Amino acid sequence: MERVAIFPGSFDPFTIGHEALVHRGLLLFDKVIIAVGYNAAKSGSFSLNARMAMIKKVFADNPNVEVDSYEGLTIDYCRKKRIPFLIRGLRTAADFEFERTVAQVNRAMNNDIETVFLLTDPEYSFINSTVIRDILIHKGDASSFVPSIVNLSDYINK
Amino acid sequence: MERVAIFPGSFDPFTIGHEALVHRGLLLFDKVIIAVGYNAAKSGSFSLNARMAMIKKVFADNPNVEVDSYEGLTIDYCRKKRIPFLIRGLRTAADFEFERTVAQVNRAMNNDIETVFLLTDPEYSFINSTVIRDILIHKGDASSFVPSIVNLSDYINK
Amino acid sequence: MERVAIFPGSFDPFTIGHEALVHRGLLLFDKVIIAVGYNAAKSGSFSLNARMAMIKKVFADNPNVEVDSYEGLTIDYCRKKRIPFLIRGLRTAADFEFERTVAQVNRAMNNDIETVFLLTDPEYSFINSTVIRDILIHKGDASSFVPSIVNLSDYINK
Amino acid sequence: MERVAIFPGSFDPFTIGHEALVHRGLLLFDKVIIAVGYNAAKSGSFSLNARMAMIKKVFADNPNVEVDSYEGLTIDYCRKKRIPFLIRGLRTAADFEFERTVAQVNRAMNNDIETVFLLTDPEYSFINSTVIRDILIHKGDASSFVPSIVNLSDYINK
Amino acid sequence: MERVAIFPGSFDPFTIGHEALVHRGLLLFDKVIIAVGYNAAKSGSFSLNARMAMIKKVFADNPNVEVDSYEGLTIDYCRKKRIPFLIRGLRTAADFEFERTVAQVNRAMNNDIETVFLLTDPEYSFINSTVIRDILIHKGDASSFVPSIVNLSDYINK
Amino acid sequence: MERVAIFPGSFDPFTIGHEALVHRGLLLFDKVIIAVGYNAAKSGSFSLNARMAMIKKVFADNPNVEVDSYEGLTIDYCRKKRIPFLIRGLRTAADFEFERTVAQVNRAMNNDIETVFLLTDPEYSFINSTVIRDILIHKGDASSFVPSIVNLSDYINK
């Protein structure tokens, strides 16, 4: 039986921490669907199209990674796709408390969904999308925090 | 001597976690005043009237619970009402750090106010108003997270 | 109706942080029983007698404070005394996580016991019995960390 | 390809929290090996035999659960068994910090081992082996914290 | 060789906690530059001019304190000034996690910058600029949380 | 004026994390004294002589590093040496809470001592002496966690 998991997030933008986590998820699952959550009312720094294009480029050669998008609650998306596993990365204790709340709400609303937590590599533990957006706002260089194949300037204002 | 405590919050909306906490507070105090803090400049998801109506319905049969509202600092409200006890619930370590800051500021500004912390039941520990508002924004079903007598759709846009 | 609470601990030794907490508990309760838990198999730095003598001296003039001792589980002691309230102090987030576990175990074993948490004053937040014992082992001066009426050397090896 | 994971621990004793975690692990893996780590120099409250007998009884009807024991480092055991997945449960933020250290040490020593974290159910989050041992030392009743099929008194001093 | 450090922040407004930290930094460094970070697009509660005037008044008699301002990334400012030391205060565990992320990003982007953390005095640990702004919004009295020489009403709307 | 700091610890054994921290401390101070605290009543895994020999080997070529030992309270040692600065490393939020307590006790007992916290590099954040001792007890290979010049087997049972 094929085991599939969803790796949901806003990925605004996708970081090297996210990339490493997908590779770890592929050890555990036959297929990982990277699902970009968006909110029509809140535009984000990168457009949904830019975020999906960026991720597709990173995993262009990997047939076990699929890129999708969804609006609304993550668990409604899981239910619609009939996929019971979610992958989430953990970096810090604050992360943990937030993710625990989300996972417990998901379980209370749909007991069939299981969240699998993987640890972020220590050398990536300080990297997150907020940090990158902050660097870009202040016109700094964030290239070392995104997958090497991604040139962030290709995706800004796209 | 009658012992009275204030349970302040924005209650936007009131959750089953809040409801359980009031019942625990009533073991300790003769009367609990649920005080809905509002900010004229920031409307909230539910109107002040809707929030107060919701809470009054939950405790309609309990003469030891009073529902009130206030604008401004919580300690100014306590001072005006001459009530020296505040009840606050604790769910997580992050909660604790936030509440400690608030309680210490309150004490520094008015040494007569004592904050009494009660623990949230573990099965409600992941429930908070933000989670409920988030579910409603995404058109999910949050009914199991509010007191059973409350039908949230009765209070939206009221 | 008289409201009584138990303030349990090993108090090895009793600190100024403990003393301040008892005074805050007396605002909330008519009587506070300071209950020194001991373990016949584990002697502690100060003897049970020394710990009780020390606490009795601090509250000699306060008829609303009682000093008692118990062996075994705290909730069994509460049950035997028919007192449903426990007072506990909170200093740090690590404290909180520990106390939450204890309080939840107590509730699971006896639903009638309610733990009331009070916040330690910020200027006492770093003081605990372990710190004092550590200073004494290294022959340092810990007098500023215990109630001013207590002379620790009166209680050592008693 | 069969996916196997090791769930290591001292299980001194095995709790309902451990039991629930194994059931969640079985959603993700074809087989879960519960590996009881022991230390010849440190006896524990329950003997290795008692701990293994207890766990075997709980999963007697489940062919996908295996019970084993090991001495020494967990990663050496994994290497010897050629199994690259570890399951660990997370309850609190303090748990998380401890487990992160262990997982990072494991990865630094053997890059092929992946730790998969699953969340403990909120209603079991306060239950751990230390709590149970503490209740037993004080002659309290811990039966509601172990799997219902386990009668702890059958395993003491065995 | 003169040792200089930058103490960056938004200081909106400057608190007694900040003031105490500068005095501690001066034990360690020959000169401390208090650098007010601003964002042309986000005005803040106090204007940049008001914040700088307030800080200059506090340290008017101290030739080892310099007050400056910058826009953009803190590390770009450090690089431009050729100053490799940053001072940051730590109050809570949440603070620590945030500051660790920032310091690690800074190091990853410019390996020559070292962040030196000093501990906030326990009696100031609950004071921060957000708390003060919140009190002012609700028309409360925040005078005891800012340096005694500062009269906040002199700086509002300036 | 020469600036000197003490880096106290039990260093049982000295790790690559400790080594990196000393190098960072030397950016800030003219001299760093690595002070090995010992307790005559508690022997440790490595003898005091072995620990000092190990550290001296690591910094043999660095005239700005001195290695010393002390028994008793750290602040008494600082007072005797007339050195007002302590260096401590921070890895996790749990570390922070512990170190804050120690630093506040030190300040309460001797207001002239200032603790300077430096951040551990993220790739070393999981390394500590306990982890290494644990690996050695289980006969694992800990060589990658100590300075490359140190061969741990040279120091065992010395």
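Which chain is which? They are A, B, C, D, E and F, in the order written, and residues in each are numbered from 1.
The criterion applied here is as follows: a residue touches a chain if its C-beta (ideal position, glycine included) is under 8 Å from a C-beta of that chain, and two chains touch if they have at least 3 such contacts.
In this text the structure is predicted, and so the values were computed from the model without any measurement.
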Third chains touching both chain E and chain C: B, F
Chain C to chain D, fewest steps along touching chains: 1
Angle of rotation relating chain B to chain D [CA atoms, steps of 5 degrees]: 180
Whole-Å separation of chain centres (CA-atom averages), chain B against chain C: 30
CA centroid of chain B to CA centroid of chain E, Å: 34
Residue numbers of chain B (touch at least two other chains): 92-94, 97, 100, 104, 122, 125-126
Chain pairs in mutual contact under the definition given at the outset: A-B, A-D, A-E, A-F, B-C, B-D, B-E, C-D, C-E, C-F, D-F, E-F
For the chain E and chain F complex, residues of the former touching the latter: 3, 24, 27-28, 84-85, 90, 93, 96-97, 100, 103-104, 107, 114-119, 121-122
Chain B-facing residues of chain D, complex: 92-93, 122-123, 125-126
Sites on chain F touched by chain C in the complex: 72-73, 75-76, 93-94, 97, 100-101, 104-105, 108-109
Chain A to chain E touching residues, read off their complex: 92-94, 125-128, 131, 135, 138-141, 144-145
